[in-house]
Structure formats: C-alpha cells, structure tokens
Amino acid sequence: MPTDPEQACFEAGIKFGSLYHQFAGTPVSPDSADSLAQAMEEAIENQPYCESVTVEIREAELEAAIAEGSADYTEFTGRFAEVEIRVDYEGSRAVARMEMDDGYPLMRLVDVE
Amino acid sequence: MPTDPEQACFEAGIKFGSLYHQFAGTPVSPDSADSLAQAMEEAIENQPYCESVTVEIREAELEAAIAEGSADYTEFTGRFAEVEIRVDYEGSRAVARMEMDDGYPLMRLVDVE
Amino acid sequence: MPTDPEQACFEAGIKFGSLYHQFAGTPVSPDSADSLAQAMEEAIENQPYCESVTVEIREAELEAAIAEGSADYTEFTGRFAEVEIRVDYEGSRAVARMEMDDGYPLMRLVDVE
Amino acid sequence: MPTDPEQACFEAGIKFGSLYHQFAGTPVSPDSADSLAQAMEEAIENQPYCESVTVEIREAELEAAIAEGSADYTEFTGRFAEVEIRVDYEGSRAVARMEMDDGYPLMRLVDVE
C-alpha cells in the first residue's frame, strides 16, 4: 500500500501535469497574463487535496518573447511562469515547484512531510 | 481569392475552436467560474482581428452538474457557458455565438456584414 | 529531501495529469478511438522516467454516450478509458491507474516499490 | 443570413482552432510524431462538415528543436507541422492551410468555392 506521503506526492504531480497541459498554448500577452494566472490558480485549487496554487508570471521573459516575434502575444508555456503547489493528503504535505533550470522549466518536489 | 467577409468568418471560427479546445476540461466550480470566464475572454481577445469575446457562465447548469456528482467541481465544457465572439477583418465583421440547442452547445454564425 | 519512491509517485502524478488535461475534450468516435489511444500512450511515454503507458478505450461506454446524443462523436473524457502508467525513478517504481469508481474516473496509485 | 461559403469558412476556422489548441503542448519526439499526426487527423475529421484533415510533421524542424534542448522530446506547436483542412458545407467548399510564414505558423484560407 502506498504511504500517505507517497499519496501526497502523487497528488502534487497530478496538479502540476494538469495545470501545465490544460493551459499550455493559451494566447497570452502582458495585459492578459494576470487573468490567466488567476484562472490557473483557482482552477487547480478545485482539485482534491490541493491546499494552494500560486502562479507568478515571469513578465520580463514574456515581454522579451513577444518582442522577438511579429505578433503582440505569444503562447503560454513553462518558461513564462513560476508555480508552487501545496497538497495536503490526510495530514501529509507535499510542496512542488516549477522553476527555470538551465533554460528549461523543471517541475520538482521541494518538500514532503 | 477569399473575400473579406469570408476571411472574417474564418477568423471567427478559429477563435471559437481555440477557446473551446483550449479550455474544455478545466476544473471549474461556482467559485472559480468568474476567473475562468475572464481568462477565456482576455486570452482569445489577443488573437488577430478579434474585437471582443464575452463568456457568460451558465451558473444554474454548473451547479446542477456538480450537485449530481460526488465532487465539488466539474470539468468545463460547452454547456456551462454562452459565448459571443466579434471579429473585424479589414472592415468586414462576423459575429458568432455558442448557445445551447436541444441540449447541445452549438457554435453558429449569427451575423456577417 | 524527498525519497526516491516519493519522487516516483510525483512523476507518476505528472504523467496522469498531463495525459488527462492534454487530451480531454478531443473529438472521439469508435473509428478514431484507436489512433487517439496510441497517440496518448506514445506522447506521455516521451516524458522523463516514464516506463510505459497503456490506454484502453471503453468502447461500450463510448458507443452508449454517442447513441444518447445527436452527433456521431463525443468529447474524450475520463469515463471513456482505462489507463495504466508505470514510472521508474532511479530504481523506485510507481504504478498508477485511472479506473471507474462509482461512476467517476479515479486516478490512484496502485503500487510503489 | 450568412451565405453557405461564409458558413464553410467559419467551419474551417473552427476545425483549425480546435486542432491547434487541443494538441498544442503535447509531448512529441520523432518516434511519436506519426501517431500524433494520425490522431490529430482522425479527431478533427469527426467534426461536422469536415471532409479531410492532413497533418504533415516537419521532421527536420522537430529534430532541430530537440537537438537544441536537453530533453529528447519537445512540445508540439505550429512550427512542427503543415496542416490542410477541407470543409464541405452544403456543397460550398473551403480549404485552409497552416504553413510557415516568415518563421511563424500562419493559418489561412486558400480556396473557397
């Protein structure tokens, strides 16, 4: 049988995969970034065992990507946000983050207790 | 060569398909419905030739669907919203709506000028 | 520091959330179900630490849902598939399944070693 | 009232937006590209008035993108495929393509009759 901390880690992973693959590809600009971030947070917080989701848009990165292209928006992808997700499974907690690592967004467990 | 009104209709279709397939499946509850609706509007308004997008959540339908299930949220799908999209392509306008028709969400052109 | 089994569970969760929210909403019919299942398997198997993904379409359920509606296809959602995902993280394995539970698709860890 | 050719253009747009935003973000590698392309074609061909969808993966572009990164897969986006969609609405036909234009994937109507 999986332990409660293992279940908490599984649930944290589900939330991360859900958030990323639900919203990747969304048209995003500096003006619409805040509403997208809030929708991502509130949507994933609906899922079971999810204590909190925080999405911070990396605005400079977003503006730089748009400046490189010919449109005034781009598609949401991992390098435009830092995300932290906290899960509580029957008292066991897992905290996971998506952060840039050598130019790539990396999802990782940062704390389990 | 396609005419400008035909281009406006094509662009209106793109926006509708984008909105629907980007956001279908998003976890949604009465508490998170407003932020989802706003994110949908602002995301799609980024797309070229898009004048406006309005998303109205059908709250009673959403609450009824959640009441039927065992969770306190559900997945966003067409029957939980009415959507109107206005496109202006070089002065030609197309207006399209998604509305319920005999129990199914139907996307249709309502005006081209 | 998270343990290797906890990391394996986190990675299994990521794969499940990814698979579900990438493909939920895809138009699907009995004729297109096989290609969708294969694409889901091969797409998610690209992800790190993923040993295997198997997607079995629940054909009777799919046909019944289509028979109820006015179209000859429907949108992919959890009740139309059983999914098993196996992850190997540095020698620690996690196996997770999505199966129907009281009418709802439930993702759960079935084995960690 | 919209004309039949305008309806055909609207329907072609819906298919393009659907295809793009359903599948953008899917993990893809040279090995999994064929199953993804087939699933995209068969999924969208389910939609009303859709005569055919052809997706050709731009393999050199896909391999180059993966070679630049640290993983052996990437996320599907418009620059990795050329797509043609044919719609027949009550005898009026619209043909649309997604092709690269100055480094960007552009969806455009190529023929209406």
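The first chain written gets the first letter, and so on, giving A, B, C and D; residue counts start at 1 in each chain.
Rule of thumb we're sticking to: a contact is a pair of C-beta atoms (placed from the backbone, for glycine too) under 8 Å apart; a residue touches a chain by one contact, two chains touch by 3 or more.
Chain by chain, the UniProt names read as follows: A, B, C, D = Dihydroneopterin aldolase.
Small disclaimer: the values here were computed from a predicted structure and weren't measured.
Enquirer: So which one's got more C-beta contacts, B-D or C-D?
Expert: B-D
Enquirer: Same or different, please, for the subunit A to subunit D contact, judged on whether over half of the interface numbers appear on both copies.
Expert: Same-residue interface.
Enquirer: When the centre of a chain is set as the mean of its C-alpha atoms, what distance in Å lies between subunit C and subunit D?
Expert: Measuring from centre to centre gives 24 Å for this pair.
Enquirer: Could you give the separation in Å between the centres of subunit A and subunit D, each centre being the mean of its C-alpha atoms?
Expert: About 27 Å, centre to centre.
Enquirer: Find the geometric centre of each of subunit B and subunit D from their Cα atoms only, then give the gap between the two centres in Å, rounded to an integer.
Expert: Computed from C-alpha means, the inter-chain centre distance equals 20 Å.
Enquirer: Residues of subunit C that contact two or more other chains, please.
Expert: 18, 20-22, 25, 71
Enquirer: State the interface residues of subunit D toward subunit C in the complex, per the touch definition above.
Expert: 18, 22-23, 25-29, 31-32, 35-36, 38-48, 71-73
Enquirer: In the complex, go through subunit C and note every residue touching subunit A.
Expert: For this pair, the touching residues of subunit C are 2-3, 5-7, 9-22, 94, 96, 107, 109, 111-112.
Enquirer: Considering only the defined contacts, which subunit C positions touch subunit B in the complex?
Expert: Subunit C residues touching subunit B: 20-21, 24-25, 69-71, 75, 77, 102-104.
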